[in-house]
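Have a look at the structure below before the remarks.
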Amino acid sequence: MNFNAPHIDYAALSPVLALTVGLCVVLLSGVFKPLKRAIPGLTLLTLATTAGLLIWRWDNPQDLVSGALRIDDLAISISLIAILTAGFAVLLSIREPATEEAGPGEYHALLLGSVLGMVLLAQAQNLVTFFVGLETLSIPLYILCATNLRREKSLESGLKYLIVGSLGSATLLYGMAFLYGGSGSTDFGGIAHGIAQKGVLGDPLVLVGIAMTAVGLAFKTSIAPFHQWTPDVYEGAPSPITGFMAVATKAAAFAVFIRFFDVALAPQVDDWQPALAVLAAISIVVGNVGALGQDSLKRLLGYSGVAQAGYILGGLVVASEAGVNAIVFYLAAYAFMNLAAFAVVVARERETAFGDHIDAVRGLGAERPQLAWPLTISMLGLAGLPATAGFIGKLYLIEALVEGDYTWLAVFIAVGTMISLAYYLRVVAAMWMRPGGEPAATPAIAGASPEADPIDPEAGRRLYLVGPALLAAAATIFFGVIPQP
Amino acid sequence: MSATSWAWLVLLFPLLGSIAIALGFKALPAKAAGAIGTAAIGLAFLCGVGALIHLLGEAPDARHHASSLWDYASVAGLDIKLGIFVDPLSVFMVLIVTGVSTLIHLYSFGYMQSDEGYHRFFSYLNFFVFSMLLLVLAGNFVLLIVGWAFVGFASYALISFWYRRQTATKAGMKAFVINVVGDIGLVLAAFLIFRELGTFEYSEVFAKAPQVFHTNEWTVTAICLLLLVGAFAKSAQLPFHTWLPDAMEGPTPVSSLIHAATMVTAGVYLIARTHSLFVLAPTAADIAAFVGLATLLVAASIALVMTDLKRAIAYSTMSQIGYMVVGVSIGAYSAGMFHLMTHAFFKALLFMAAGSIIAAMANEQNIDKMSGFGKAMRFTSVTMLCGGLALAAFPGTSGFFSKDEILAYASARGGMYLIFTVLGYFGALLTAIYTFRLIFRVLPGKPCPEAQELIDTGHVHHAHPFNPATGEEEDTAVGFPGAEHHIAESSLPMRIAMGVLAFGALFAGLVQVPGVDDMVTKFLDPVFADSPLAAIHPSVAASWFGLAIGAAISLAGIGIAYFLYVARPETPAALQKRFSALHTCLYNKWYFDEAIDFLVVRPALAIGRFANRTFERLVVDGLVTGTEDVFGGGGRLVQLVQSGFVRSYALLLIVGFAGLALYFLLSSS
Amino acid sequence: MINSLLWTPLVFGLIGLVLPHRYAGWWATLGTAVTLGLAISMVIGFNSGAGLQDTVDVNWIPGLGVDYSLGVDGLNVFLILLTTVLWVAGTAFAAFREQERPHLFFLMMLLGETATLGSFLAQDLLLFVLFFDLMLVPFYFLFGAWGSDREGGPSASAATLKMIVYTLIGSLLMLVAAIATAIISAQDGGHLTFSIAELAKHPLSEGSQRWIFWFFAAAFLVKMPSFLLHGWMPDAYRAAPLPALAVFSGVLAKVGAYGFLRVVLPLFPAATVEFQEVILVIALASILYGSVMAFTQTNVRLIAGYSSVAQLGFITAGIFALSADGSDGAVLQMVNHGLVVAPLFVIVAILAERSGTEDLREMGGMAMKAPVLAALFLIVTLATLAMPGSANFVGEFYILNGLFDSKIVFAFVAISGVAMSAYYALRLYQRTMHNRKPAGLESREINLRDGIVLVPLVLCIIGLALYPQLILKRTDGAVQQSVASVTSSKKPVALTHQAQPAILRVIPQASSQ
Amino acid sequence: MNVEWYIVLSSLLFAVGAMGILLRRSPVVILLCLELMLNAGNLALVAFSKMVGNQQGQIFAIVVMVVAACEVVVGLGLIVAIFRRKLPLDVDELRELRG
Amino acid sequence: MEAVMFFLAALGALGGAIGVVAMRSPFYGVLALIIHLFSLAVLFLLLSSAFVAAAQVVVYAGAVMVLYVFVVAYVGGDTESAWEPIPGQRFLAPLMGAALFVELSIAVLSSSLMALGTHGADTKPGFGDPAGIGKLLLERFLLPFEASSILLLLAAVGAIVLAQRKAEQ
């Protein structure tokens, strides 16, 4: 028995390697006291290097390590979104209590681990890599959610995420097993080939396999009715992590969603298209109505994420190039809009005793315009108003949908957007307009409670919070005005 | 200078006067405003005379000219120019309007002296004259409508001139809205004309109409009926007349000028102007004539019982316009226009006299409280008598000739039209009675306290100013007659105006004595030459026979009035008791106001209230809140399902999975 | 030129952010004045025979076939002028008064101007939709943040939210419809483009037109607002700050009507003909309902608001007369109504300052010491009720004449709105200016600052009354073109629909004689 | 035995595991049930691997074991953290986050 | 013989699984799981997957279960009450479990895939032995293999983060 080491193109694999190395370095730096302060910097450096390497590989698609990965423009753009989000999360985590709780080395290593999972997931093209990547993405997040150990909510969110997430993973795994059984292969290409060749097109085994993988992926992307973890986990997790999770998880999961469904399951497109369209519609409705009347900003963003996932799923449903482009653009736009919002939420959490309650941003327009503007732009963008990237994103999606003969879903997006205004603008109103009602008499977390985090009255001026917020908001506007720079 | 240039100048002066007074309301002293206003109208009158002379210098069938300043709105096939049309009819109207207006301005110069809204008054008044002139000079239907609406507005503004009186503003509103209904009639008529004939220009319309329409074709009948809606609304004919009595809330010169002499006769002018169409729609013409007749009788009957001096005269105006409408509708065009002219003189005069007396009564308008002004105010009494005689068609006065000419024409046309003659004479009897009822009540007899005061002190009576309609006390700031608003024949301009009009009332009839001169007929003939009806002329003998009957009826009426109100003053009360039902009906003006209120105003307001209180809240708002509730409810449901139990989340996940798998199983087959 | 016209306000607004508070208002007014100057020079240079001119056309989102494409023609040239005029007035009116957070206020005003101008100028369907939606953003802030809460009613922000959500339903559906239009058109052979002119050349199949028509119509009808879709109007109008409301009511409502002419008629001719009567019924309902509401309302803003509903009903009816004169009149009436309703709201503001209330029942006698104010108000009132001799009358005359020719029954019903408008407009005037003055109410002459705002607007009304041809002449060409696309498709339809309601065939044509 | 039997058995195990998650409130037991489900997946993978005759399924199963182990470690870590925080070890009582 | 083995192992696996779900005490649950895992290992052997079976026994039944036992011992194995706070859960959970089973079985049994009804492909000897698995692992599945090692590292770090003493402050 002779052993043939697989060919490895280290240049193309370099982003993954860089991340891994960075992860180890960061983890080790946590052990040495003098290096502790440099950890955020090291993390950012790792991310920047990875991003640079990714950009270097732009427009140069190829398969890696015996077809386990495929680095192409989709993978790179999604990875970049994940890395960008992680970079923001690092900045927002500065002085975050959770960082201290977990130890900065561990915290950032876990973050990088999750990013690694995302990069792998975005490039995955066989079931094993897919599954491992997904778990590498998820498991650090389960931990990170719970890192604010003093707060019950944080632990609760971690546990909930773990339980439901593992249930989702198990379902996904079972579906993968069926697909493997049906097609006899674990490679995406092999699956497509197997389904088409073995005469199992439309076979119940394959179709149920598709259903189960769809459930697993829908879970990760917060598609209703598999969304229920989203609001709870978003609310409970430390805010920088929530921001990271909201954007990056969704992006990576959608990347593999696209790759898996549009490549491996392409032969069955007629079967899964209507099902996913219905799921998208349900998500749009559930997410949007669920967000109505929410007082917790993070929770509101959680529900909004459900709705947004519904919109994005629309781009997948049509299974066309236009749809994929629309998804990528929308995810990028979504990243900027959400990051701006979370940066402000983090700043206000530290600045006031209201936590992420909507009262925390009441009167922000007068008090802290540098925070109010980003949040406003973010909300308007999420609501899809013109001159923001959100509008253009919706434009792409709707165009793809109409082109793919899913106009009714486009109408759903329109109606959903209409409902969503009711809660997005509520936030805007709280910032700029005279309060409709009295602010809550007692802050969400009383100052004396042991769970309360220390208040930093200057948080609204800190560059590492305001900077990302402004940057993300500016990007939102920029891509709204010049969508194809 | 061409005739049209004169006509443009006629329009220009009042407009300039109005603007100058309006803009200079702070800078100009009161007298200057009055002087400017009067002078502007005087100049307009002179220009009108210029146009007249110009026309008379031309061959009779060349006496029509059109001219336009600029394209007003001419696209998409509509061609609307800012154009005027000058012919004997319009010049005739111009002369009456400017002539009477000049005198009334003169009268107002004195009468309104102490009013604080003096500038406003003259500005409005000049604007009114401008509008009226625009109306009569307009060269197409659109501009006619503009003038039509402008006079309506001027009328509104002047009726509610004392705008702090709620009665005045209400009356103004009523007048305006009813007039807008009339405008709508005109507008629709214009649409129909345009649809059928493709133009709004008078000359083209009248030239094309006979070629396009068959006689009595329903289109042309519809056009004429719509025109009549406009005419009746303006001229206070049934059933659009209710605004006119209320319009007496305005200052007396306004009643005299707008609501007696000029504006209200615009309907007559309109029918005369569009006679070419009415000739094609004899049914519509007959309808007009019968409505005129009905108005004539109804108004006269109401005037018999009115106790409010000005309102009684207002009903008399309605009645007299009825004669004119009958005249121009049955084909007695010149006669109708002639009556329009004489009526302008004597009715304006009567109002002026009434104004003097009311001023002397310190705004009291109830004739039951008046008596003995014959001694107290000699000049006024004499002029009032002149006006009264003319109105009652006393032989030889102007009204005598003009009214009888219409009736003589009706009998000459014969057939069904004899009804107009017969009932017209009956109306004349009523006219004579109610006219002299007023005169006998007011002038002779023992002076009432106010008259006595005037005799004794030479000053008019002073009382707290109050609203004669409601008895409400008035403050003296702007918007009410000023504190010293009690000018009674004291001022020279007023005397001049009344004198001239009295002269006109008595002797204007002499221009058109049957078989003698017929000046008006001859002048207007070219205008009506195209109408076959214009060829009908009562013979001179028949005319004189009619005059004789008219004289007899007039004298009889005066006699009855003398009997009732002077010789046996207790009879009226007895009659009133005897015929109490009839009296109540008359006294309530045949319940027209109530009927309109019940049929139009109340339903409209009820609908409005329903819309406002019920529909808006239930349906329109309900649509919004309903949607809100649906989504909000959905939200609460989602949040209820989001129970916080992780196991129930897992359950939902499994349920969703089972559902999805079921779908795929079903779709596999 | 056209670019600078569009972006000047926004640029001024952004620069204004760095100026001291005191100057923010005046700087903004200067910005609007400069824009007005540009607009005037554009109108002067306008060639009424030349169709679309001053065009700019740049690829914006090539992937989607969206162009940044602007242009001026007869349809929009005066609406642009109207926009710039009213914005100067509104901004100046606001600048004369103390505003909270002036930077933001005036930035929003100017952003609103840019967005509105953009929606008028856009020649690309998607760009139009974009600006159409963008208009809402500044007004959301203006109404919500500077509006006033109503006692016992919804707060300003709640009322505004309702407005935004309501008006966006239509807009978002319109977005879908716009994209569908382009894509279906491209699928029928042809490249993907949103250019309105290009799309008009290849109308969609009737089936597609049908639903797309309603999506567009929903957006426009809500915006106007028309009957049954005006649910957002009362609360928003009550809440809005008056300078913003003046431009909002004066201009933004017209964008809806303009959209019908610009987009719906040329692009969906078959559906337009098919649903002509449905839209006419809605228009008539708006006229009647708006009028009836206006004469029972006691809130002065709402009287103006509901009168707008009625007026926009007229405009819609004119457009859907589907004849050149009707649409000519509609365009003229859009300008007129803007010129009337904006000063009306300015006057409402002035009255409210003097009386401390916006309830008609508590007002009266304000003309006492304010003859100039009364005169200005009177002129505005007369124009509102479309007094013959005003340009509004000419507009209504054209509208109704067009309607009379095509749908006579509708014309008869519509014209009853004229009578009602006389009543409600005069009622507003009388109850505020005339009658007895309630105690505690002040009658004060208009001051110079308000005069500077109000008098030019009134002069515009008078000028237009004397020479409405100014607009009609320049508009007609483009309107004919817009209507022609419908009438050309109308003929075969008319042939297939022999069974017209009998009532519409009652009147024989003159030519048959 | 036919492969069908194995697969049916694995689906039964999968269903039992899912039911356990739905019914049990102790986080430890829920973790055990998750193990059941993952193992059901493993059984299916291995059975299919036998069926199609390649060993990819077995590789997958091994990787799944690693993943399962990771989940267990993290899950147990969380349980310990919750226990230390003196919170009830009952998933139904952890419901501060809801709505 | 194979059938007997299968039924016995299947019974063991199913019994273990039911035991996990049904046992009130976590401690017994863990023990039931161990039975289940051993039974599974037998099934793996039957499916000619020797290496997987071995890994199952060593990794799972050995290492992981020990961890369970420690944790259960640490936090205390209180039996949970029978009270069900979520309405409908008692009823719906078995229902959905059954539905899942039925659906999956239908999918399998109604599949047209012929191979399901066989003993599987004819495999060469050495199928599933450590050598073959190892070769595949290091050649084709090198990357997932390495990735799972990082995953393990991360999980370890995570466990430390969560369970460290500091949290008690």
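Letters are used for the chains, namely A, B, C, D and E, taken in the order the chains are written, and counting of residues starts over at 1 for each.
Heads up, the rule we're going with is that a contact is a pair of C-beta atoms (placed from the backbone, for glycine too) under 8 Å apart; a residue touches a chain by one contact, two chains touch by 3 or more.
On a predicted model such as this, the values are computed, not experimentally measured, just so you know.
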| item | value |
| --- | --- |
| Labels of chains that are neighbours to chain B and to chain C | A |
| Set of chains whose contacts include both chain C and chain A | B |
| Chain centroid nearest the full-protein CA centroid | C |
| Centre distance in Å when chain C and chain D are each reduced to the mean of their C-alpha atoms | 63 |
| Euclidean distance of C-alpha centroids - chain A vs chain E, Å | 30 |
| Length of the line joining the C-alpha centres of chain A and chain D, rounded to whole Å | 25 |
| Geometric centre distance via CA averages, chain E-chain C, whole Å | 69 |
| Residue numbers of chain A (touch at least two other chains) | 128, 131-132, 135, 139, 142-143, 146, 149-150, 158-160, 163, 167, 171, 178, 181, 203-204, 207-208, 231-232, 419, 422 |
| Residues of chain D touching at least two other chains | 7, 14, 17-18, 21-23, 25, 47, 49, 51-53, 56, 59, 63, 67, 70-71, 74, 77-79, 81, 85, 91-92, 94-99 |
| Residues within chain C bordering two or more other chains | none |
| Which pairs of chains touch, using the document's own definition | A-B, A-C, A-D, A-E, B-C, B-D, B-E, D-E |
| Residue ranges of chain A touching chain E (in the complex, touch as defined) | 1, 3-6, 8, 20, 23, 27, 64-69, 101-103, 106-107, 109-110, 113, 116, 120, 126, 128-129, 131-133, 135-136, 139-140, 142-143, 146-147, 149-150, 158, 178, 181-182, 198-200, 203-205, 207-209 |
| Chain B to chain A touching residues, read off their complex | 631-632, 634-639, 641-642, 644, 646, 648-650, 652-657, 660-661, 663-665, 667-669 |
| Interfacial residue positions of chain B with respect to chain E in the complex | 643, 645, 647-648, 651, 654-655, 657-658, 661-662, 665, 668 |
| Touch list for chain C against partner chain A, complex | 60-64, 66, 101, 104, 126, 129-131, 133-134, 136-137, 140-141, 144-145, 149, 155-158, 160-161, 164-165, 168-169, 172-173, 175-176, 179-180, 183-184 |
| Complex interface listing, chain D residues touching chain A | 7, 14, 17-18, 21, 27, 30, 34, 37-38, 40-41, 44-45, 47-49, 51-54, 56-57, 59-60, 63-64, 67, 70-71, 74-75, 77-79, 81-82, 85, 87, 91, 94-99 |
